[in-house]
Amino acid sequence: MTTSRLEAFSDGVLAIIITIMVLGMPLPKGVEWASLKPILPNFIGYLLSFVYVGIYWNNHHHMMNLAEKVNGKTLWYNLHLLFWLSLLPFATGWMGENNFDGITVIFYGIILLMSAVAWLILARGLGKVQENEKIRQAYGKDGKTKLSILVYLVGIVVSFFNARIGLAFFYLVAFLWIIPDLRVEKIAK
Amino acid sequence: MTTSRLEAFSDGVLAIIITIMVLGMPLPKGVEWASLKPILPNFIGYLLSFVYVGIYWNNHHHMMNLAEKVNGKTLWYNLHLLFWLSLLPFATGWMGENNFDGITVIFYGIILLMSAVAWLILARGLGKVQENEKIRQAYGKDGKTKLSILVYLVGIVVSFFNARIGLAFFYLVAFLWIIPDLRVEKIAK
Amino acid sequence: MTTSRLEAFSDGVLAIIITIMVLGMPLPKGVEWASLKPILPNFIGYLLSFVYVGIYWNNHHHMMNLAEKVNGKTLWYNLHLLFWLSLLPFATGWMGENNFDGITVIFYGIILLMSAVAWLILARGLGKVQENEKIRQAYGKDGKTKLSILVYLVGIVVSFFNARIGLAFFYLVAFLWIIPDLRVEKIAK
Amino acid sequence: MTTSRLEAFSDGVLAIIITIMVLGMPLPKGVEWASLKPILPNFIGYLLSFVYVGIYWNNHHHMMNLAEKVNGKTLWYNLHLLFWLSLLPFATGWMGENNFDGITVIFYGIILLMSAVAWLILARGLGKVQENEKIRQAYGKDGKTKLSILVYLVGIVVSFFNARIGLAFFYLVAFLWIIPDLRVEKIAK
C-alpha cells in the first residue's frame, strides 16, 4: 500500500481542522473596536492552534516523503494522531471562551501533549515498516519532539499556578518548530 | 471511468464527516474538571464514530485498490454509503446530548446497520463491474460484514432493554475491525 | 492549464457542501421516536439536496473527462456554478425549518434553477475552449438540462399554490438523472 | 520538495473557507419574501467573500504553476496567507450581522489588506527559491496587487465616513481581478 491516499486523507482532515476552528470564534457583540476585546482570548487561541496544525501538516509532509509504504497498523497510528488533533478546535474553544482559565489551559496542553505522543508512535511505527533506514535515522531519536513533550509537561504544571505563563510555554514550543523552518536558526534538531 | 476521482471525493466526504463531528461536542459549561463530566457521553460517542469512519475509510481504501473500473451504478452505490455515514454526526449528537438514552442508541445502531448494508451493496456492485475476480474473491462472501450486521441487530434489540449494553455491542464490532488491522490477531475474516 | 486542479477544487467544494448540510439538521428535542417527526421535513430536504449534489458531482466528473483544457473564463463559470450550489444548504435549511412552506420551496426551486442555468453556461463555455468536438457534441443541445429547467419552472409556479406538489417536481427531476445512471432505462437523453 | 502537496492542502483550505461561509448566513426568521431582507447584507457580504476566495484560488493556481520548488519558508508564507483568508468568514459574518456598520467594514477591509500583503510576501518568497526567472518576471513588480492594496487603504479610510462607499471600493478591486479573467479587457496588469 502506498502513502498517497494516506497523505490525501490526512491533508483533508488537517485542512478541515485548521479551517473550522474559526467557526468557534464568536462574533463580537457590538460594533465598536472595544467589542473585539472580549474575543481577544479566542483569537490568541485560534492563532496558536492554527500554527500548531500548520506545524503538524508541515512535519507530516516531511515524514511521509521519507516513507515508502504503510500497513494497517500505520493507518491506525495516523488516525490516532488525527484524533487528538481533531480535539484542538474543542480545546481552543473552551480556552478562548473562558479567558485562559487555568483548567482550560491545562486541558489544551494535554491535547498538545497527546498529539506529540501520537506523533512519536506514528514515527516509530512508520520506521519499523520501511525497508530503508531513512525514517529511522531522521526520527529515531526525535529529540525535538521529546523536548516539546517536556516543555508541554512544564507548561501544564505551571498552568496550575498561572495559566498565562503556562500558555507561554505552549507558544514557546510553536516557535521552536517554526523558527528552523524559517531558517533563522536550527535549534535542538 | 477510473476509480481515482471516486476515491478523492469519498476521501473528502469521509474527512469532513470525521472532523465536523467535533463541532457537535458542546463546550463545557464551566471551568472545573467536573464540567467535563456532562459531556463525557458526547466524547464517548465521538470516539466511537471517529473509529467507525476510520474503519470505513480504511476498508474503502482497500476495496478500491482492487477495483479497476466503476460505472454509473457504482457511483450511486458509493453515494448511498456516504449518505448513511453522513448521518453519523447527527446520530452521534443525538445520542451524546441525551446520555445514551435507549432510543438514541437504537437510532445510532440503525445508522451503523444501514451503512453496513450499503457497504455490502457497494461491494457486490463493484464486483459485478470488474473483469478480474479480485473483488468477487475478497468480498464475495464478506462474512465479517455479515457478522457485523448480526451484532448490530443484537445491539439494537438489547438497547430496547439496556442501552449501555447495546452500545457495548457497537464497540465490540469496532474492535473486531481494528484488531486485525493492528495484527494482534485475525478474527472471523 | 489542465483540468486537474479545477476538478480537485470542485470535488472539495462539493464534498463540503454535501457534508455540512447535515449540520443544518437540528437535533430532536426529546428522546421518543415522535421527537424525530418535527425534523422529518429537514430530513426529506436533506435527502433531496444530497442527491442533487451527487448528481452535479457525477455530471461534473463526466464533463471534465471530456475537457482537455480550461481558461480563465471557464474557472469563473465553474465558480459561478459552485456559488449557486453552495446556497443549497441555506435553502435546504430554510425549507426544512418551515415545513415546506410555499415561499421556502419556491426559493429552493430558484436555487436549483440557477444551478442548472450555471451548468448550461459552464458546458457552453467549456465547449468553446476545446479543440476537439467532444463536449460540443455531448452537451451542445443538452436537452435533458433544458427539460430540467422547464420542470423546475413548473415546480416553482405550482409551489405558489401547493408547495408539496411543487416539491414533487424537484424530486422528479432528481429521478430523471439518477435512473439512467442506474441503467434501469434511458429517458430524455 | 515539490509544490503538489502544498497545492492540495491550499485547495482544501480554500474550498472549506469558501463553503463554510454559508454557515454564517442566518436562516430568515419567517416565511415571507420580506424575511429575506434582513439577511440581504449577509448575502452581499457572502457574495463578495466568495468572489475573493475564488480570486485567490485562481491566482494561487497560476502562481504555483510557475513554481518548481518550495522550501520551509515558503510553506509558512503560504500558511500566513491562508491564515488571513481563514478570517474572512469571521469578518464577513460580523459585517453582515451588523448591516455594514462602519467598523465592521473597516475590519473586513483590513483582512483583505493583510491577505494582499501576505500574497506579496508569498510571491516574493517563492520567487527567491526558484532557479528560473518565471515567478520573478511575472510577480516581480506585481503592480496589480499593489494597486489593490492602495484601493483597500482608500476603502478603509472612506469607511470611517461612509461604510457603503468604502465597501464599493472592495467590490471594485474584485472586479479588477475578475474582468481580465473574463477577457473583457486587461487593466493594470
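Lettered A, B, C and D in written order, each chain numbered from 1.
Operating definition for what follows: a contact is a pair of C-beta atoms (placed from the backbone, for glycine too) under 8 Å apart; a residue touches a chain by one contact, two chains touch by 3 or more.
It should be emphasised that the depicted structure is a prediction, and the values quoted were computed from it without experimental measurement.
Trainee: When the CA atoms of chain B are placed over those of chain C, what is the turn angle between 0 and 180 degrees, to the nearest 5?
Mentor: An angle of 90 degrees brings one copy onto the other.
Trainee: Chain B and chain A are one sequence twice: same or different residues at the contact, by the over-half rule?
Mentor: different
Trainee: Which one of the chains is farthest from chain A, going by Cα centres?
Mentor: If we average the C-alpha coordinates per chain, C ends up farthest from chain A.
Trainee: Indicate the whole-number Å distance between the mean C-alpha point of chain C and the mean C-alpha point of chain D.
Mentor: So the centre of chain C lies 27 Å away from the centre of chain D.
Trainee: Between chain A and chain C, tell me the centre distance in angstrom, where each centre is the average of that chain's C-alpha atoms.
Mentor: Here chain A and chain C have centroids separated by 37 Å.
Trainee: Where in chain D do residues touch at least two different other chains?
Mentor: 8, 12, 16, 20, 23
Trainee: Okay, in this complex, where on chain C does chain D touch?
Mentor: For chain C paired with chain D, touching residues are 1, 5, 8-9, 12-13, 16-17, 20, 23, 71-73, 75-76, 79, 82-83, 86-87, 89-90, 93-94, 97-98, 101-104, 107.
Trainee: Which chain D residues qualify as touching chain C in the complex?
Mentor: Those residues of chain D that touch chain C are 7-8, 11-12, 14-16, 18-20, 22-23, 25, 27-28, 31-33, 36, 47, 50-51, 54, 57-58, 61, 65, 178, 180-183.
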